[in-house]
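As written, the chains take the letters A, B, C, D and E, and residue 1 is the first residue of each chain.
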Amino acid sequence: MIVRDRPSALALLFIVRGSVVPRILPHLLVLALFATAVVVLHHQQWVVLPEFSLAPFALLGIALSIFLGFRNNAAYDRWWEGRKQWGEMVYKIRSLARSSETLLDLEAENGRAGELRRQLLHWAVAHCHALRAAVRNEQCEAALIEWLGETDAEQALTHKNVADYCLRRAGRVVGKLYRDGNIDAIGLRILDEHLTRLSGVQAASERIATTPLPFAYTLLTHRTAYLYCYLLPFALVTAMGGYAVLFTLVVAYTFFGLDVLSQEMEDPFGREANDLPLDALCRVNEISVAESLGRTPPEILMPKNHRLE
Amino acid sequence: MIVRDRPSALALLFIVRGSVVPRILPHLLVLALFATAVVVLHHQQWVVLPEFSLAPFALLGIALSIFLGFRNNAAYDRWWEGRKQWGEMVYKIRSLARSSETLLDLEAENGRAGELRRQLLHWAVAHCHALRAAVRNEQCEAALIEWLGETDAEQALTHKNVADYCLRRAGRVVGKLYRDGNIDAIGLRILDEHLTRLSGVQAASERIATTPLPFAYTLLTHRTAYLYCYLLPFALVTAMGGYAVLFTLVVAYTFFGLDVLSQEMEDPFGREANDLPLDALCRVNEISVAESLGRTPPEILMPKNHRLE
Amino acid sequence: MIVRDRPSALALLFIVRGSVVPRILPHLLVLALFATAVVVLHHQQWVVLPEFSLAPFALLGIALSIFLGFRNNAAYDRWWEGRKQWGEMVYKIRSLARSSETLLDLEAENGRAGELRRQLLHWAVAHCHALRAAVRNEQCEAALIEWLGETDAEQALTHKNVADYCLRRAGRVVGKLYRDGNIDAIGLRILDEHLTRLSGVQAASERIATTPLPFAYTLLTHRTAYLYCYLLPFALVTAMGGYAVLFTLVVAYTFFGLDVLSQEMEDPFGREANDLPLDALCRVNEISVAESLGRTPPEILMPKNHRLE
Amino acid sequence: MIVRDRPSALALLFIVRGSVVPRILPHLLVLALFATAVVVLHHQQWVVLPEFSLAPFALLGIALSIFLGFRNNAAYDRWWEGRKQWGEMVYKIRSLARSSETLLDLEAENGRAGELRRQLLHWAVAHCHALRAAVRNEQCEAALIEWLGETDAEQALTHKNVADYCLRRAGRVVGKLYRDGNIDAIGLRILDEHLTRLSGVQAASERIATTPLPFAYTLLTHRTAYLYCYLLPFALVTAMGGYAVLFTLVVAYTFFGLDVLSQEMEDPFGREANDLPLDALCRVNEISVAESLGRTPPEILMPKNHRLE
Amino acid sequence: MIVRDRPSALALLFIVRGSVVPRILPHLLVLALFATAVVVLHHQQWVVLPEFSLAPFALLGIALSIFLGFRNNAAYDRWWEGRKQWGEMVYKIRSLARSSETLLDLEAENGRAGELRRQLLHWAVAHCHALRAAVRNEQCEAALIEWLGETDAEQALTHKNVADYCLRRAGRVVGKLYRDGNIDAIGLRILDEHLTRLSGVQAASERIATTPLPFAYTLLTHRTAYLYCYLLPFALVTAMGGYAVLFTLVVAYTFFGLDVLSQEMEDPFGREANDLPLDALCRVNEISVAESLGRTPPEILMPKNHRLE
């Protein structure tokens, strides 16, 4: 995710980091060559080129605006829902820490309840790392070992769904607290409810990660945008001469840019410039748990080069 | 559902699988013939054809963009809500597995609680298969026998609403756990709540499957799009000559394509290319239950030919 | 509600049932006469008619597209929310059946609990019929007598809000189950929660039924659409001659059609072609309750002439 | 709120009540004078007026449609959310009545529970009147005295937040029921939950009433609409001559109308024609409570002159 | 936040406070100079300037309307969600006050329960001040000392996440009430649920404050708007001569204005004119708590110069 103060209006025009320009540059160059060729051929009249008026393009514009607008909204919704779900994870882990502190008599005991609470919260942090790894197709072995120890981490990694296993283990700790008499049935219900919502965050993240926008939208949008931009020079050349190349590029910049940006937002858990900073959110959870366990929390992750992973 | 990495920009132009092109091709061909006829007649002047300017089409464009945009959004919302509901099913079945593990003393018992828990989860998986079959108008006998045994499966199939029956049977298992003293009233409430949400997923799926978008929208959209595209050649021929055929086809490709795509999304539980992969989601549930019962889980379903059923 | 498979593209153009054409036909005829008069007068030059260019209509188009698009979205939202609420009713009544089966020891008892459960579910079905009658301004005496017997039905009908009375009576049954010791406080809470949500469905249905879209929208939309269509012939006649009549009608078909359709969706509980099939949904509830009581369920309602009431 | 059957298409054109015409008439008159002046000056050529083509207005149209469309949607959302919240209040007060009837043994007691229940429901009705008064900047003394008696009403009115005080008093009644042993902890929780949601309705109503749409939107919309309409005659006069006045007025009618309507919807709790009928909703609550207490309910409020307050 | 009655139509045109005009004035001036230069050069024909027709700008308009419309909606959603979350905080703190009053036997006790209740509510108010400070990057030491005393305030400020610490301390008070026997497990659950929702408000506020809209949108919107406005004079000058400067400015006023306004809404917790009045909302919470503790509440914050902080 790009995090930066809004630069001046002038600087905004030339910023590259976080921009989609680098990704669409090759396409723009090819299109520029094509448009230039059309202009030259038109001028030299070596070949008789079709001459369009601009009016028919307005008709295509209806479909294009529906496609691009729709896809952009749907992609952003996925991105924002992903962020909301991870925000819910943040407060559910905090609530797990707070509710367990409320429920358990941490001072009067022999420390057994405190130890179980520690395990519960560690499994929750492990869940969050396992989920991050799952939606990003990454490894999480190091993080699991750090929070679970080697034995538990290894056992967790033998499962197909590591994040779900972590939640079930957290549930077992709650069951032990209950059967040991540290919490009553209501206490169990409170903690179980938090775990259920963490499970909901997981299911939603998996949904976003594994269910792309219907592929046919990508095809329709992409094809319409390309047809539009490659037909455009024929229409513009009669009206504007050589400036047709410039205008074609400006139009293509907006259409291709939106296309690429939608594609980036669509899968919000990746590692592209505008994707969600899951590493930083995992760290937020680590801080919450550490503070609630009375430990020195790790540092918050800061953006490097205006970019937060 | 089509699952594939985004191909290169060039490849995107020629992909057929998942595209709506095959479905609208006949319509495009008929339109192409019609447009060609208009161009030829116009050229030969055998008949006096009406000559339109393009301007009136912009007026029709208002209505068309409202119809197409609305229908597309509504259809996609149904598709995405269907996916959300099945995502909720995924995490509710996982929660059923986790909560029951938390609540029940699986080790200390004579195994009776474990057996009831197994039944509970099997009924939940059966529910999911029965619902899949119901919204797809398919058979689910094989899956039910696999998870329930022949006797229970047969009895389930005598009911009008098999999925609802499975949930009621799951509820009876919860009642038995409660009356046997394995769980207390709070435990019953936790498990009952999960079953209630599964029932909610069922009702929502039935709603989407049995309540199509109002038919009048389909009529209005379809008729306006056809009128538009069949009047278009008359207007384009004066402005562009023979290129009118090309342009009419490009415009019709986008309008017909969006129309067909909306129709496909509208009923997300079918077996068309862009529909939801219910088989794969049922398998996800089977894996969750198998892992939580300590069994070797089945393999996750993979897309064949980029297509996940 | 119109329920039918999608007909062929050609058939779609000529279907009348479910279409808005019959309702707007008189308006279209009047407009056709008017437009023809304009064309004739223009041709004969008996009177000097104002000559407009089409460009100013694009300016009006902004407002029209906002009005029509907004009203259409808002009307559809009301329709779909109505369906969602009744879908929630479906699963809350099922949950009432399932939870009560889970909670009550139906076999070991002297049948008293079973009898109370039967009453509870009958009151729930009566609630659904009473609500249907209320939002449709219909009678429900027959249905109430069928499910409650004559005495209770008559008493129910003396109340201003029959549906609410049914829920309160259901609540009393729950209270009796509780005070008789058949369920504990948690059981009461579970059943009470289902009743509360049924009450929520009722309040939402009443909201949709009694709070129309702000009347000023209807006025603005209607007036702008009429002004637009009656001014249109003056602009089209100079550009297209006699075809102005045809084009005016096509444009008017889309605008008037959307206007009438929005009006139909806006009150989703009526008995018009595209309204919600409340009878069929009541039947779904009857089936759920009958099956859960071990009775032979009635038949599901089928569409007649593609129409489900 | 305007409540009426849809009049005939012709009648719709001339209805004044509920229309925004009276409110924008002065602005339209001023604009008509201005446009007439432009036409006359243009004809007489006393002054050289700028001559615009209509094309640049399409560019302004982009911004205008975003502003007007956005503001209209946002304003309607506020209106509809207000209605939803008050619909939730309706069913929460009914649920309070029903749940308390379920929980309390009204027959076997010495009537003490019944008396406390009566107090609870009266405080709930008082809450609803106090909230209505707060969001409308009205008095509610009469209603409070009617439902609470003079002493309690006076004490309530000494508080800054009368509605919140009513809820706290209702909460105290629940506490008394609990400490008297009439309900157990679960019963307290059920009733407390209903009160919490009533508190939620209050907070949402206060939010809508005290947080207007950002003022900058009002400014941008208003200014753009005025600039647009006052520049329009210059462009139309060259194209349409004297009809420019007519067309300018039609366009201004839609823009000013939408502007004024948005403003009316934006504050849904006022007493303008299209505002929410809070009086009638309070009456609905009074009827629910009266019927559940076995009293003769008051009459439902009927619209006067098609208008419900 | 700007709070004022709607001024007259004329006054609206000249209001500066709350308007975005001051912020975009420099940009408008630069653009005016540029446009004037284009007009002069065009007139004097010292240089041959490119001559565009206006038609290509309509093509760019598609992209611009998607960008500006989308960004505006997304920014407003953030603003309104922020307000909703703080509205939820308001009623959750009130509910904490009411539920604790319901649960605790405040009169019969030795005052211990009352003292703990006072602490609970004070921590809740401290939470709200700490959250305000966190999302605004401000200090909250004074407010914390006022509500917690120096010792607790200092200890709170040693934590990374002060607001979360306040909630955990509130949770500890609930735990003490529970272990002291003042509330039972259900009572603990009720209060814990309110604290969980406060934690949800915090997570949502942090989400909005730390996750800006994807930076690429800002870039695309900004660049397209600037390109558009700086190319516009070339097209307008041929059509309108000197009036091109006026029209360019009007168009730029709407585009730049929307751009700047979106930017302001996007971060709703700042201290700009249209941002949310967090100070006033904190005061609302202080009043709720003071009234529920029987203390004289502080005054409500009033807008100064139509502006509420």
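Quick note on the criterion: a contact is a pair of C-beta atoms (placed from the backbone, for glycine too) under 8 Å apart; a residue touches a chain by one contact, two chains touch by 3 or more.
Everything numeric in this text was worked out from a predicted model, so none of it was measured.
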item	value
Copies chain B and chain C touch via same or different residues, half shared test	different
Angle of rotation relating chain A to chain D [CA atoms, steps of 5 degrees]	145
Centroid distance [mean C-alpha coordinates] between chain E and chain A, Å	24
Centre-to-centre distance between chain E and chain C (centres being mean Cα positions), rounded to whole Å	38
Residues within chain E bordering two or more other chains	55, 58, 64-65, 69, 185-186, 189
Pairwise touch network: line, ring, star, complete, or other	ring
Ring walk, chain A to chain E and onward	A, E, D, C, B
Chain E-touching residues of chain D, taken from the complex the two chains share	27, 50, 52-53, 55-56, 58-60, 62-67, 69-70, 74, 159-161, 164-165, 167-168, 171-172, 174-175, 178-179, 185-186, 188-189, 192, 195-196, 199-200, 202-204, 206-207, 210-212, 214-220, 222-224, 226-227, 231, 263
Of all residues in chain A, those that touch chain E in their complex	1-4, 6, 9, 12-13, 15, 18-20, 54-55, 57-58, 61, 64-65, 68-69, 72-73, 76, 79-80, 83-84, 87-88, 90-91, 94-95, 97-99, 101-105, 184-187, 189-190, 194, 232, 236, 239-240, 243, 247, 250-251, 253-255, 257-258, 261, 264-265, 273-274, 276, 287-288, 291-292, 297, 300
